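By written order: A, B, C and D. Residues from 1 in each chain.
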Amino acid sequence: MPVPKSKQLRRSYGFEEVAIVPGDVTINPEQTNIDLEIEGFTFSVPILAAAMDAVTDVNFAIKMSKLGGLAVLNLEGLQTRYDNPQEILAEIAQAPTSAVTPLLQKVYSQPIKENLIGERVQAIKKGGGVCAVSMLPANTKHFAPIAAEAGADILVVQSTVTTARHKSKSSRGLIFTELCKLVSMPIVVGNCVSYGACLELMRTGISAILVGVGPGAACTSREVLGIGVPQVTATIDCAAARDRYLEESGRYVPIITDGGFRRGGDLCKAIAAGADGAMIGSIFAQTKEAPGLGHHWGMANPHAALPRGTRIKVGTTGTLEQILFGPASVTDGSQNLVGALRTAMGVCGAATIRDMHKAEMVIAPSITTEGKSWQMAQS
Amino acid sequence: MPVPKSKQLRRSYGFEEVAIVPGDVTINPEQTNIDLEIEGFTFSVPILAAAMDAVTDVNFAIKMSKLGGLAVLNLEGLQTRYDNPQEILAEIAQAPTSAVTPLLQKVYSQPIKENLIGERVQAIKKGGGVCAVSMLPANTKHFAPIAAEAGADILVVQSTVTTARHKSKSSRGLIFTELCKLVSMPIVVGNCVSYGACLELMRTGISAILVGVGPGAACTSREVLGIGVPQVTATIDCAAARDRYLEESGRYVPIITDGGFRRGGDLCKAIAAGADGAMIGSIFAQTKEAPGLGHHWGMANPHAALPRGTRIKVGTTGTLEQILFGPASVTDGSQNLVGALRTAMGVCGAATIRDMHKAEMVIAPSITTEGKSWQMAQS
Amino acid sequence: MPVPKSKQLRRSYGFEEVAIVPGDVTINPEQTNIDLEIEGFTFSVPILAAAMDAVTDVNFAIKMSKLGGLAVLNLEGLQTRYDNPQEILAEIAQAPTSAVTPLLQKVYSQPIKENLIGERVQAIKKGGGVCAVSMLPANTKHFAPIAAEAGADILVVQSTVTTARHKSKSSRGLIFTELCKLVSMPIVVGNCVSYGACLELMRTGISAILVGVGPGAACTSREVLGIGVPQVTATIDCAAARDRYLEESGRYVPIITDGGFRRGGDLCKAIAAGADGAMIGSIFAQTKEAPGLGHHWGMANPHAALPRGTRIKVGTTGTLEQILFGPASVTDGSQNLVGALRTAMGVCGAATIRDMHKAEMVIAPSITTEGKSWQMAQS
Amino acid sequence: MPVPKSKQLRRSYGFEEVAIVPGDVTINPEQTNIDLEIEGFTFSVPILAAAMDAVTDVNFAIKMSKLGGLAVLNLEGLQTRYDNPQEILAEIAQAPTSAVTPLLQKVYSQPIKENLIGERVQAIKKGGGVCAVSMLPANTKHFAPIAAEAGADILVVQSTVTTARHKSKSSRGLIFTELCKLVSMPIVVGNCVSYGACLELMRTGISAILVGVGPGAACTSREVLGIGVPQVTATIDCAAARDRYLEESGRYVPIITDGGFRRGGDLCKAIAAGADGAMIGSIFAQTKEAPGLGHHWGMANPHAALPRGTRIKVGTTGTLEQILFGPASVTDGSQNLVGALRTAMGVCGAATIRDMHKAEMVIAPSITTEGKSWQMAQS
């Protein structure tokens, strides 16, 4: 009996399955412009450091800002629960593996101290950094004004999945159009992965979108919830929403691919897929400046009822400057991210990020160690 | 020479190859309704425990029922062959690996004691549980009336592949329309995987369908017989049959995806693919309440001429309540199945199971450990 | 610049990538008929043992014949180069791994003794077996008459790739239409994998076709020469040629899938793909009766200039009878091949091999151990 | 919300994913002609040795030439930076793994001595070899005349990605039409992978194209830059450009697939995909004649800011003659490349390389060890 057309599944792609095709024209890498603009702020490095406790603290944020990028401070993590978060971070780094999840559950169960929100923001500003802070949608009404008053520059509203329409019995939920009126900062919202959700969020007036749910092939959301879209497809679809929104409104809302980056090539692929910038976690957890002391963990690991992921030892491989600009001391592509991006844009003949959006990509077999080969190459 | 169009092969998909796309609307997980209805019975947890000796015995069935789900007792396993099945189960658990298959062949060669059928059913009823019992199609005429008389609530007729039309020289075979008249209980039939077979079974008047032959990528039927359809495709096709049958008859016959579940994400994917419920074996074999004492084996392992699979040490990871509702003590997604389902429905904006059937899914690269990444997430 | 349509590559499939879909009707396995007919000979077991020195010798051929199948004796292997091949076989089995390839090159460099051709054929006939012998196309003119005179029943002409049209400077090459006139036995020719080559061979008047070049995913021809077509696609294409030839000539020429079988499921898949029979090597090398003494090697390994593959220790797992009919002492599907085939035909509702050709197949994800699951099943 | 058509990704294929289908006609391998012609030079072996320091030095080039192929000397590697490169090569071979990258960065930072360019060219010519030399596009104006004056026969202009249109602020960049007028030698240019870039390069008047960026599944460019196209697709696309250019100009410009070769089968697949020849690195690094002393490294490893890859121990498996013509002492397909190519052409009925371009190919599952099988085969 022939099966009637029913549920159709579209094929989606992650970083490891695609490759960028060199262009018919090449350009000198030094001539490329990789600026990212978020409503009045221009970043010469189109990379955001993730709002994770193993990545961003006050000092990291200042350093990142000075190097041209932007780090986002999580206002609901350890930095606002402890006067001395370094102590807790050291304790996490030293805990034996079996004790990590209970420890994280314990330390994250401490209440947020509102006075610390202002202190952290002011410390970043005092250090000369652009200050971006993140919080959950449900907490924006409460925390956003505090951060604003303290001088925060950019507000990041982030949860696993955020939409413009959230249904809840207990409260009316966050209305982004209202939030945009309430705070005068640019608002970055995430995460989303689909054309429709992205377009609806842009129509609320927000300033940038974080793209990515369950990136990487084995992330927590994908295993535990079955939820996720690989990053290349998510980026292509959200870029289509951005282009559509540009047409209908004349406003260009940048999209920032968030999560799943393991090396420079992934960054280049995200940009070629349509991203205007990238938010990176684990690679930055490996910097000497990272508060995680060579460890990394997701913000879902301390979850009380449904903990996901665990602490990972990522090691410390170089300074933030080295990881952004080189010279690379390792040969696996996890350092000199900016050099890699400029080189890739060069071989694609792309003078700007928006030129790079037009680069051709192919679906290529997944990377295996067996097929490793050696060849002549230079930047 | 051009090859003429001949045998066409359709691509099919398993749990590990797909992911659910978050919706354009989200909903508070607490507001979701996940009821499963089987002809007059309503289960607040849409999960059945498999009719396997390492999973379901009288006590497990009572506990499962009280927690809102349903466990199925195998009337042709150890529970009806031995007055004291615990002894045999302990022997199986303690046997050295090399001795397991012969031991299983021996203990399953004992005859079924008809008096035990009634005793087991009554014990479940006395304990306050809904009593579901399973048997092979060929044995329904003999055993079903015994179970019915003892007070069984739901009859499960299950073999590797069951169809509405079975050809046999020796006897006329089971006619489901006749069985439906013979017993007054709801009848759940399985297993099937295709649109046609499922539709024909529904037309006999039965109450629910078990979907799954050779689920998981490496199951016994697939290796030994070459037979099987991955669970996502099987579920989509059988859901199409259910919807077609609803149209032609006005009767909604739920389909229950059976087998291949390793974690909460798989449950969410089965529901998104169109299932109304899930039948789970190995995850439940890991509960403290499971009679398998940390071991699990398929009902095909004791087969005399073509034994398949073997005893697997699955360990004991938590109570049944923890596995269903959390809090999770592990971070791999094998606990808090209900929490995972409600959370996934929340990010898809699905208030009910039937809403969740409309969730979009994508084909995504298989899960690999290499691509593991860390990210911010919360339920 | 858009790429013009140029070379198109068709996707092809091997055993491990497909699965058979159960039918809408089921049938009792005992009612299935699995006969294979090759021009006047009827085999109750549709399985040929490969013309390899580790598999077939005189005794094996007699035993196989008595059990209902057919074993093919290689007339260009050790059996016709040595009066006492057992000695050489023991030497090969005992050689240290590093010495195997040079040893094989040495022992296979001995000349073929023509008198042994007759002796081996007569020994099989005297033992009551149907006698099938194999040789290279280039040697048929010389050896086929000797075998025929000694009483051989079936002639197998086999090389890696055999076509109806071979171009050679030195000689006119083998013309199959002439060979068919020369010898009065049924002629089985192989190997081929494509529709066109298969159809042309059938038109020469030969009696059966061996299908398979580079089967299995990592076979020698595929690595060293880049040549090969996975067995499911090769079988589907050659079955299409058989059906086309039946239409144009009224003659049904059976196709026998040769190579790549690891377990019963593969046999079932070959038949479902359109094969009338299967030629099996390595599984038979594991029988107590196999001359390889628990070892196996390809006939390309002794090649002087381009040796391929090597001796593999396959072990001895059971008698030939057990492997064909069970009871299985292992649970991996490598025993009771006939039971597996009848069971699979049963769940597909196929009463005959030709019914089984109509079974639906799906492309299913490759088998991985991770996805292993347990489920209820019975034959 | 339906996603509008946006960025489309084409599926591309590498060596390990395809297989060649045998033809309907076969031909004796001895009757095949595998000549490669590059504007007046005819090579009886269509294989180039890569311009890598672990592969080609003066002696290797002479030997390769005498055996019928062509080796390319890198004029910007160790051979022109050191009077006695053997000393440096020995030092690299003996360095502990951790010291390799800094050592390579150091030794490659020495300046090129112009006098050595002439000396190396003259030594190859004096030894009776055809002399091919390579350099970066940016250095051709300076070095090409020196090499030409010394008697070089063929000029190879090579960088990771070379196009006919390169944009640079600092200089006008290399114009190939001018270079073709400047030097009277045939000019081979690379690398490129796309139809458009290849066609534009051919239109400048150059003599041959090197095809390949990021070949192999895990090469440096793919990981670090995200750039690359698998070799089968790159070859098919560039072959389409060659055929198109032949149509429009009447001139046949050969394409040479460069990189990613692990064994004979890969060579056969490149030719079947449309290549006129192959440039091979790592397999030749395993010859007794190779200057790398059993080691191999890419020319990108010494890069100061973005070093990629590392020194690999490849071992020494045979002489150059053995690797080209056999007899093979190993059974993995890395020896007797010419024998493998002629055999593959034989089973495809291809008398010439251009006949072989018409061979059918299929997409076949990736090679896995599990599927390994044994079968009868002979050349």
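Here is the rule we use: contacts are C-beta pairs under 8 Å (C-beta built on N, C-alpha and C of every residue); 3 or more make two chains touch, one makes a residue touch a chain.
Because the structure is a prediction, the values reported are computed rather than measured.
Trainee: Same or different: at the chain B/chain C interface, is the fraction of residue numbers used by both copies above or below half?
Mentor: Counting shared over all numbers used gives less than one half: different.
Trainee: Only C-alpha atoms count here: how many degrees separate chain A from chain D in terms of the superposing rotation, rounded to the nearest 5?
Mentor: 90
Trainee: Whole-Å distance, chain C centre to chain D centre, using C-alpha means?
Mentor: 39
Trainee: So, what's the distance in Å between the C-alpha centres of chain C and chain A?
Mentor: 55
Trainee: Mind pulling the chain C residues that touch 2 or more other chains?
Mentor: 1, 13, 24, 194, 196, 366
Trainee: Mind listing each pair of touching chains for me?
Mentor: Going through each pair of chains, those in contact are A-B, A-D, B-C, C-D.
Trainee: Flag every residue of chain A that touches chain D in the complex, lowest number first.
Mentor: 13, 15, 18-28, 30-31, 194-196, 199, 232, 236-237, 239-240, 243-244, 263-269, 272-274, 326-328, 331-333, 336, 339-340, 343-344, 347-349, 351, 360-379
Trainee: Contact residues on chain A for chain B in the complex?
Mentor: Of all residues in chain A, those touching chain B are 1-4, 6-7, 9-14, 16-17, 50-52, 74, 101, 136, 158-170, 192-194, 196-197, 200, 212-230, 233, 258-262, 281-282, 296-301, 303-310, 312, 366.
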